[in-house]
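Two complexes follow with subunit A in common, the first pairing it with subunit B and the second with subunit C.
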Partner chain A sequence: MRADRLSPVAWALVLLGAAIMLAPLVWTVLLSLKANAELVGNSGAALHGPYTLQNYAAIFGTSQTMRWLLNSAIVSLGTTAGVLVLCSLAGYGFARLDFPFRRTLFVLVLLGLAIPSQAVILPQHQLFATLHLHNSYPGLILPGLTTSFGVFFMTQYMKAIPTELDEAAMLDGASRFRVFWKVILPLTVPAQSALAVFTFLGSWNDYWWPLISATRSDMYTLTVGLAAAQMNYAQTSGLGFLMAQAVFASVPIFIVYLIFQRQIIQAMAGAALK
Partner chain B sequence: MPGLQLRGVAKSFRNTEVLSNVDLDVAPREFIAFLGPSGSGKSTLLRIIAGLETADAGEVILDDRRIDGLPPGQRGVAMVFQHYALYPHMSVRQNMAFGLRNARVPQDQIDRLVEDAARVLEIDPLLERKPAQLSGGQRQRVAIGRAIVKSPKLFLLDEPLSNLDAALRLRTRVELAQLRERVESAFIMVTHDQAEAMTLADRIVVFNDRRIQQIAAPMEIYARPANRFVAQFVGSPAMSILPATLADGGTLASVKLGDGSRIDTSVGRDSLPAGAQVELGLRPEHVRVVLSGEANTEATVDLVERLGERSLVYARLRDGQQVTAEAEGTTTAKVGDTVGLRIDGAAAHLFGPDGTGYHRAAA
Partner chain C sequence: MSAGVQRRWQGLLFVAPFLLLYCTILIYPLLKGAWLSLYRVDLFGGGTFVGLGNYGRLFADPVFWQSMANTLLLALMIVPLLTAIALALALALNRATRGAAILRGVFFSSAVLSVTIVTLIWRFVLAPDAGLLGELWTAAGWAPLPFLSDQSLVLPALAVTTIWWSVGFPMLLFLAGLQQIPHDMYEAAALDGAGRWTTFTKVTLPALKRTTILVFMLQTAAQLQLFGQSQLLTAGGPSGASRTAVLFLFESAFGRWELGYASAAAEVLFVLIVAVTLTQYALTGRPGADNAR
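Then we have the complex of A and B:
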């Protein structure tokens, strides 16, 4: 038997696993295609027609949905770009430069991994209020830029790149920044892809900080906006609409995955093999 | 003065001194080999010259310009790293052009320099490939090419052959010798392989214990080692060192070995320090396994290595001292035999109590 051929038992297990993972997604999509009234009292109605797009129409009927989509895109892309720039620079600094208190600072960064965001939410809220940053894009993006995980991840990745490359580049007349930009950064593309995906997903799905910081509806992100647009008792009387919202909010992430599928899988495999 | 001068270079890592007061002059176009055991400071000195380490004290001067304060890229040196250090994401062409781009050389000139160097090194069909698509030998050539295009005043080679297999290493050694004839630069090569040092270098700098032990031409190092360390480090198998007692009288020194045999050397008696205790150094080719009639001592065989044209006999004198001798390739000597040894005293070396070497007067 060739190593890349699965046995029937393995096939069965893989299919079972896939079914278990796909079932909730399929169920969500089916529910989203049913009229709310039909689902009241019997969500099993989702298993048969008639199906309708009225829930999706209702999402766009809420005038600000496209605005929230735009907000989410700006915040997620801005956070991702900022995290990549900051974590790459910080990672290079920790991995390569010799400066006072480097180890102490790195330990402080690692300590950041252990502090939940909820623990600092009050001072953070006050700080942003003082700086008049609530209800603004910087207000929504800035907290997401301080990621201990990202700095740690990039530091470890850059440490694994041989320092001989930096030295060869310096002998080739490159400045410190050019070494970073032309030699080291291109070699971290797999790590950057992984970090970009994690950051984008985290930022897109974030509910907690936008809920607190964005109090004006035109600054809502999609998660906050859709939640706010839900009627009371949505779980029972508006189940179809709720599911349509969930599907709608997931579509951009699905598209990101389709585009960057190869890099994401490479990054995950690379991280696992290291 | 053109060429490279090192003056009083010293370096410590934390509290460990790795180089102490090193002076060295390298002439333009000279090929120098830094030879020494691991941790002897040779790589550190190479990195100080390159600007990858900062010396704690001393001066590095290249072609009358003090370079120890300059960044690596402005020193006029190029380096070939042990693991090649090619930029993995760049093609061979981009690897070779990177230094020239940083120096803002015009693009048409870059293309010409890169293609010329590639032709000389026979890597022109590989210019568009990435390093991962090259064999070890090809990567080595690209690394050399990357250094050549910059026309440096000084090439620094950090164990450049150590990652190649035996056959390729031999071929590359010949190619390095040919390359050296074609370029106008001086070369400094770090190696712990004495065969590389002996075959390539005009002069060898032997390092040990933070200091330069000897700077001399390869055969000079071999024939007139400055001290016991150099004598034993250079030459394979190593020189046998036997405790000996100086005999009285004569203009040339005679010594008595522990087994009672007397060896007449060609070392001037006057050159030796006071005291009777010395050590006798014997290269294997100066100790022959002979018939008992021609022998001046005898020994018990511990091991015979048959190398084809000759055999090496590791033996033990009657007082237990170990000595390495040469025999014909067809020798019948075997482990446990007692064999006669003919020691060529005229070629022998003497070492004083402090390890300093004394040799026969230069011819």
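Then we have the complex of A and C:
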């Protein structure tokens, strides 16, 4: 960290920037705390009271938002669990074992880092239609499991663990899988947690695939549900309620961010700088 | 099977589960997409081989060119500005005070939101009748500007929304880059009597070269795929003024179900993004290469 002091002008600019970052968030929260009827034709009413929690009560009452929250949770947790299992196994294989075509296969995996999801969306959509996987949890989870980054990340991490540990365990007669499970895996907990938080965040915020795969409103994730809500929005249907949904959908991810800040930052910086 | 042969193939068992899924869900569709782009395919399947016909039609389609131009314009507005702001923030906030830590959190906070929440928030910042900016404009005695329905304002509005949403991650990368600069380089510069500006241009900037290229290229690749902001805030309007390439692809595929035609558009986009990614690898070292600058 540098010790030199920032000039007052620079501080003023940074604070102005921070105000620009926060103002839309504060505005959203204020709108969400107003009765819908008060906002019709006059969103400026949000700047003063009376405030109410009725829009939040409506979310817990009749709306589909809770269902979307549940779907998002199932899909994100399922994707995270799947990624951890698949990438740990593959990472161990690539980092520790020699087998035919190892290099070729690793290059094939690295290729995936450059494939944007838009380039494969049509055949993916057809494939999942053929398998009758649209509007299902497996259908929403599976594409998220093909993460080249995860395999790359775990391979690099496991390569850095000294091989003496494996060899000692093998001498004691442990099988390869037992070595992986009992010796190596416990040592990768920091990498696992960084990858987990990173995957969870990406999956929770994914819009592109669920938009295409989940076409029934009871299978929407929060991202798609909120997209539908804002596309169908008419001022009569309640600006306050719409914004309460936005705040409600942001809360889980802000909590995850606050708890796992360090892991998120590590994984993100690692993702790009490695 | 001898024990040796068994051991030789054992590694495949560890990588097989991932590779099977990866090849089925990613590599096969990648190849299938290239194949599809050579056919005229619609919702009812079938398909006639048209060779490069879809590409010919695509390159003669003014709507496609408009969407490509919009995409490039957006990237041009977003990427340099975003890179500069992120660098400035990193330089200002790279200090061990509590205030700096809080501000880093503030500037990163929007990055954890999904695109649908971001557009929901910005819809009611930008809307002239119910938006925050509309209220501010009115309070200042001006007529509110129709940011999302004016052809010349809509792209800058989407660019600002995107910069607000994306500034956190590049800032983080620059902070990580700054942390890697050895402290003795600054001491040496101080011993040589270098001033602040000289230290910045001769020590800090050169040391951040790799990070800057990385941020620039990652952002270029990301903004070429810009979709949600355009689809949700404006549906590509007014009159296509904010339709991006991915929105064009989405509309051709899932609006008009012209699968072959949309595949051709996807291939063009794919080549463009791979070119950007390869340029990044060439300039910063391939993934897996040593992290040393």
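Keep this in mind: the second predicted complex is superposed on the first by the 187 of 274 C-alpha atoms of A that agree within 3 Å, B and C clash if a C-alpha of one lies under 4 Å from a C-alpha of the other, contacts with A are read in each partner's own complex, and residues count from 1 in each chain.
Keep in mind that, in the parts below, a residue touches a chain if its C-beta (ideal position, glycine included) is under 8 Å from a C-beta of that chain, and two chains touch if they have at least 3 such contacts.
Note that the coordinates shown come from a computational prediction; the quantities given were computed from them, not determined experimentally.
**Student:** Return first, second, both or neither, reflecting whether A:Phe241 touches subunit B, subunit C, both chains, or no partner chain.
**Tutor:** Neither subunit B nor subunit C is touched by A:Phe241.
**Student:** Using the superposition on chain A described above, determine whether A:Leu105 touches subunit B (first), subunit C (second), both, or neither.
**Tutor:** A:Leu105: touches subunit C, not subunit B.
**Student:** Looking at A:Trp209 after the superposition, I want to know if it touches subunit B, subunit C, both of them or none. Which is it: first, second, both, neither?
**Tutor:** Neither partner.
**Student:** Of subunit B and subunit C, which one contacts the greater number of residues in subunit A?
**Tutor:** Between subunit B and subunit C, C touches the greater number of residues in subunit A.
**Student:** Of the partners subunit B and subunit C, which touch A:Thr28 in the superposed model: first, second, both, neither?
**Tutor:** A:Thr28: touches subunit C, not subunit B.
**Student:** Return first, second, both or neither, reflecting whether A:Ala174 touches subunit B, subunit C, both chains, or no partner chain.
**Tutor:** Touch status of A:Ala174: first partner only.
**Student:** What residues on subunit A does subunit C touch that subunit B touches too?
**Tutor:** Shared contact residues on subunit A (touching subunit B in one complex, subunit C in the other): none at all.
**Student:** Which residues, counting only subunit A, touch subunit B once they are in their complex?
**Tutor:** 162, 164-165, 167-174, 178, 182-183, 186-187
**Student:** Show me the residue ranges of subunit B that touch subunit A in the complex, using the header's touch definition.
**Tutor:** 50-52, 71-74, 77-79, 81-83, 85-89, 98-99, 102-103, 146, 150
**Student:** Which of the residues in subunit C end up touching subunit A in this complex?
**Tutor:** On the subunit C side, the touching residues are 8-15, 17-19, 21-22, 24-30, 32-33, 36, 85, 88-89, 92-96, 103, 105-107, 109-110, 112-117, 119-125, 129-132, 134-135, 138, 164, 167, 169, 172-173, 176-177, 186, 196, 211, 214, 218, 221, 225, 227-228, 232, 246, 249, 253-254, 259, 262-263, 266-267, 269-270, 273-274, 277-278, 287-288, 291.
**Student:** Contact residues on subunit A for subunit C in the complex?
**Tutor:** The touching residues are 1-4, 6, 10-11, 13-14, 17-18, 20-25, 27-28, 31, 39, 41, 43-44, 47, 85-87, 89-90, 92-94, 96-100, 102, 105, 108-110, 112-116, 118-127, 142-143, 145-146, 148, 151-152, 156, 176, 180, 201, 204-208, 212, 222-224, 226-227, 229-231, 235, 239, 242-243, 245-246, 249-250, 253-254, 256-257, 261, 264-265, 268-269, 272-274.
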